[in-house]
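Consider the two complexes below, in which chain A is the common component and chain B and chain C are the respective partners.
After this line comes the complex of A and B, so read on.
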């Protein structure tokens, strides 16, 4: 089967024949994206098309509806779920839509889906502003990442993705254009809510809908004050880092000797409203960092010996202080941090004043270093839930080991945001490629316990969580039926 | 059985009324909206009773209009199509104070005075709008997205999770409050607003003026209360200059409460003896005042204020502002009093500040970027003058939002509600001012009454999408019909 000839010709007429292809080689290349679960079935799209404007996206979506052809969307291919699951899908590749405007004075940017964090960050730095660079790397699309998750450690001060989202331009599944926030009638992107009920509630919940409800073509996104000095890069790709000016930044690695102390210290840092980044450091992160350059085999050789030693009772916290606006502020924040460390029996050590992951993040996804397969259980809830939930996950993992590899329960990561109002917990588990089934079984067991114990998971399995979470899938189904009656927007 | 009997069975005879006198008090509010009588008043005491009333209304096709405050300013609780007014004020408990997560869970009837008294016990404070009326519901302020006085962090999004009763009677908990056993027996603590699943229901309910469901509790953010404060009153002749100062302050991310008031509003807030103080203050105050409260944190409070003051002086020097006054003429000690005033509801015994000058006030407010505040002031003043309104009576309030990324801009037009001519002038002015501001790109994020018609007419795509959502959540259109575009 292939895309009907008439539909294909119409698509050609929309974008020009050079921007659409049904060449099997090209479509095969567009079958995959970088971060997806390797066990998910991915189909070769029927054609791949590259629009250059919202009008073209709208026209393509209308063709998809007319011919009942499923469509799926990507912008940088550095994505987690946007691949064709149905035959004859139109893959809409938005990388040509890469316009970027910055309102320096009012601290927001207007971006199209092809704009990467690296591109945005480079322009912002010139203005003494900055954005986040997410954990998945600077090559991710700002639009896709912000509407889907938008998570990065400097969210400690600046919040999560849903809070950075301002006005939105959205091509709905039938091709209608929805303009939200101030774009709806002020023709500007500076404010996100409303008018009236805030339809950004359709755009994303705990995470985004991954183009199941159409295509976002432009967003306004908040940006933040930064130093005006140019950051000096150091090292060579991909082991590069940015040197941070020491009069404005300080990294601290802080060791605590009880879990209670590290948790209470995080709460207190939040109450004192200091720091740009606050997060725990799972020992395996250190193992991965120390194994750079030795490959997957080298990591496991190292880990066999180092893992048990790193799995100690001590817990480490990493804090980045930032003297926003003045050196004196940095001095103040440092004094407050050291007071807190003392009160909670910790020991603080200043770390090199450089950054690899928060402002540039070219080498994220360290988990890839360890090879094989990995699965992670992620939740965004309170610091307290993170603590309780990770303990449960550890217990469950022990029952699945082997074949789940021995990480000595050293992977549980707590990364709080918004000064501690909410926190990410991520528990990473690993297995050899042929043992992927064990990770899936582990995940199912975790879900059952999560549902029973009232924990909040990031990506819920609706069969497990729907009945105990207010039957939310019923509402999702109704919304989807109302907005996508032909079921063409990234159908599963 | 008649509706009244059924309501009586649900909430008890003492909590149902169809007495004309009682109905009359719910038929109008402090706005210029057209009065409309409800048929019944029901006062539930818990979520189960709310569910039962809504189920009854849905089955009978009778409109339900929730109200939570003892006073209303925008016409959004007037039952446009009659029906049952669900007065939520009996549900007035602070359900829990969550110190770890700096949040508090409140029922609809909790007022700002009640909340601030409770949170102060824990050295915390609720994130409030500018001097709310003592009868104002905390939950309503958050639900209606009223602008908060502290423009930092993500305090603009201060409502986190809610329990909402939809038209089918289901009590649905949003975000991570959806988990079984919440709040006492769950691991989750209800602090993530997203979900469950890929929708954020709480956002669909906020700003909906009761058209999507009835919220029975909300978990909202608190902030640590500063240990000490230093208040600055920076005077300006021109609003543009005041705005530049606020940009500079907010870019440095310093201070707690930060706002701009014109002389009329500041005089109305600070006058103790009326009308003498008010008139005198209007004469001696600068046309515009930037108020900044620098708050000393939980640790080393003096040192925090010191670096903030340094930053403020640096900003002032850049803009050639010679002085940073910490007092106001004729008001000794106000610098010590003001943080407490701003962090509380308006005192019950004093006439509400917005009404003190003439007995009533009609506000026009919207979002814009701060660099346009001066333009809007001039244009709306011109509209007022052309409508026959005395421009010296206009109150202006500019509230920077989110580190100055944008601002809530508000013009208040005080008037005598017993003077027919003044009422007519302000009615006309209100419509003209809104239409003009809208045409110039003012963004009415929460449009009330006639402004909703103007806004949704221009936002056709948005209205169409909202109607689809409304049809799913309230297929019989019983929740506050006749409001927004429903």
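After this line comes the complex of A and C, so read on.
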């Protein structure tokens, strides 16, 4: 089977013949995306199409509905779940939609889906502004990531990315265009709320549609004031970093000797409203950091020898202090931090004033360095709840080991946001490529515990979480039926 | 060419993070110039990228995909600039470039050589150079006042482009060496380096070129070969040992780019640039001198679970020649060097490489045009590079886009700076 000829010709007339293709090689290269469930069947799409405007996207979606052809959307391919699960899918690649406009005065940017975080960040730096690159990487699409969750360590101070979502232009699954926030009244992306019910929740959230309901073609995203000088990069591509001005930034690595102390210290840092980044440092992060410059192959070689030595009973916290507005502010933050460290019996060590992953790159350092031989389960809850849950994950992991590899002490990463209000806990486990199945089984068992505890998973498995969360998948289905009666928008 | 098991291992290790399309993320200086892969930026389809070609390679190997017109189009439009390869080695260490080269070999084995590439081979067979020019005229460019020695410690390997298309580079090089009092020789029977043949996967003939030139170098008795041609540099340093299943260090010679050699002379105080050259310039890193120029390490694939490549030395693009040309330019009075947004290992390809300049001149021009625009935005009045084909295509692009940007080979600039 293939895309009906008439439908294909219509698609050609929309974007021009060079921007749609059913060549098997083009389609084969679009079969996979990153971070997908390896047990899912991925089909070669029936055709790939590259629109350049919202009007073209709208027209494509209408064709998909007319011919009942499923469509799947991507832009950078660095995404979870954007692959064709159905025959004859239209793969809509939004890479050509890469317009970027920055309203310097009002501190927001209007971006299309092809704009990556590092591209936006580079332009913002020139204006003394910044955004926060998500943990998955600077090559991620600003639109896709912000609409979904927008998880970034710098969320400690500035919150999760989705809270920065302003006006939204949304091509609904049947091809109607919905403009949200201030964009609904005027050509203005400044404000995300109303009028009327706020529909942004349909786009994302723990149990939302994960951006599978139609196509977002433009968003306004809030940006933040930053230091006026541009951060200078340094190093070779296997090991690059951004040099931070020492009068405005300071990194501290802090060691605590009890679980309670590190938790209480995190809460206290939040209460005092200091720092830009606060996060725990699991041993695997230390392994990755120390093996930087030797890549994936080198990491495993290093890890085999060094992993057991990195396992310690101590708990490490990494804190980036930021003198927002002045050098004095940095001095103040440092004094407060060191007092807190003392109060909780920790020992603090200043780390080099540079940053590899929070401002520009954030290239899912751990996941990629270990060569995709990993699985992670991400959930959101309070700091103390997250750490307790981590202990249970350890027990589950032991039951799956081998083939799950030894990660030497906990490999769970706790990254609190909003000054400690909520914490992301990311459980990372590794296995050899041929044992990938074991990681999926582990993930499933972890999800069950996660659901039972009432933690909020980033990508909840509806079979597990549905019964616990009021059968939300049924409600989702109803919403989908209303918005997408032909069931063409990224169908499962 | 990778052996099948290793080819499959490499291609299947890709996690589709798309980093292969980007400038190193910490080095992104603007949204306009944030991407690295010319075919990705021009053609946009995922197939036109390292990531896409890896997946096509896997499907072709598994018999799920033929060499369709689009696959060949993407494959032959790739300039083999290696941006994808070293970017991947920030994290994943996939040998992206070797997979693409192997896919090209498989394409050629199935009889899919482009006519323009076949012509290169025919010319080489006929007259030992890619242009089909008479072999006897190879050194016709030699200035009358320069006399290479019959025997010397240094051998100048010229390469096809400087012999036949850009003799001004060869002339500047030998004049410079003469003025600096350096005794050098040339190979009486220099053949094409075979660079284009390696790039277009015509390996049998490429190997013949390698064997001939290596033997000729051995016969000359020299241990140090210098060249002003970035492509020849990479070919002698990387492709020759690679095809002979050796490491660079096992070759019977050491190859130096002219900039390495002159930079060392400068540091030793043996050469002085004493004439002012008042010019604001930007430097274009040729891929073959930069990220592709790490020494070659021969390795027989051997893995330990979960993913330890036993005894492998990686080529991550940092052992190339980046600083010597810059040191030279900074050492010339009056020259102001300004970097483009993408430089060093992040440099954007000129567009000529990988057989693209020969088979798809419009694409090469497009890629070069991107570069001249980037150069112009620095405020520089000239682009300086170290490769005849970079000079060629960037010069054409500058002329076509009316930027007024001048393009020089570094040997020409050095010559202007020496009395």
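Throughout what follows, the second predicted complex is superposed on the first by the 463 of 492 C-alpha atoms of A that agree within 3 Å, B and C clash if a C-alpha of one lies under 4 Å from a C-alpha of the other, contacts with A are read in each partner's own complex, and residues count from 1 in each chain.
Just so we're on the same page, a contact is a pair of C-beta atoms (placed from the backbone, for glycine too) under 8 Å apart; a residue touches a chain by one contact, two chains touch by 3 or more.
What you see is a predicted model; the values in this text were computed from it and never measured.
For the composite obtained by superposing both complexes on chain A, the positions of chain B and chain C are free of clash and fit together. When the two complexes are superposed, the chain touching more residues of chain A, out of chain B and chain C, is B. Between chain B and chain C, an angle of 140 degrees opens at the CA centre of chain A in the superposed model, to the nearest 10.
Look at A:476: by the touch rule set out above, it reaches chain B but stays clear of chain C. In the superposed model, A:298 lies in contact with chain C only, and not with chain B. By the touch criterion stated above, A:193 is placed in contact with chain B alone, chain C being left untouched. Judged by the touch definition given at the top, the superposed model places A:251 against neither chain B nor chain C. In the superposition on chain A, A:179 makes contact with chain B only, not with chain C.
Of the two partner chains, chain C is the only one that A:95 touches; chain B does not reach it.
Put simply, the nearest alpha carbons of chain B and chain C end up 23 Å apart when the two models share chain A. Those residues of chain A that touch chain B in the shared complex are 103, 105-108, 157-159, 162-163, 172, 176-182, 184-188, 190-191, 193-210, 212, 222, 224-225, 267-268, 270-274, 324-326, 328-329, 331-332, 335-336, 339-340, 380-385, 388-389, 392, 418-422, 451-456, 460, 462, 465, 468-470, 472-473, 475-476, 478-479, 482-483.
The residues of chain C lying in touch with chain A in their complex are 13, 15-19, 21-31, 34, 44-47, 51-53, 55-56, 59, 64-66, 68-71, 74, 86-87, 89-93, 305-309, 312, 314, 316-318, 344-346. On the chain B side of its complex with chain A, the touching residues are 100-103, 145, 153-154, 157, 160, 170, 172-173, 175-176, 178-182, 185-189, 191-209, 211-212, 221, 224, 247, 251-254, 297-300, 303-304, 306-307, 310-311, 314, 367-371, 401-406, 438, 441-447, 452, 455-456, 458-459, 461-462, 464-466, 468-469, 471-472, 484-485. Residues of chain A touching chain C in their complex: 19, 21, 23-26, 28-35, 48, 50, 76-78, 93, 95-96, 98, 100, 115-116, 118-123, 126, 133, 137-139, 233-242, 294-298, 300-301, 304, 356, 360-365, 367-373, 405, 430-433.
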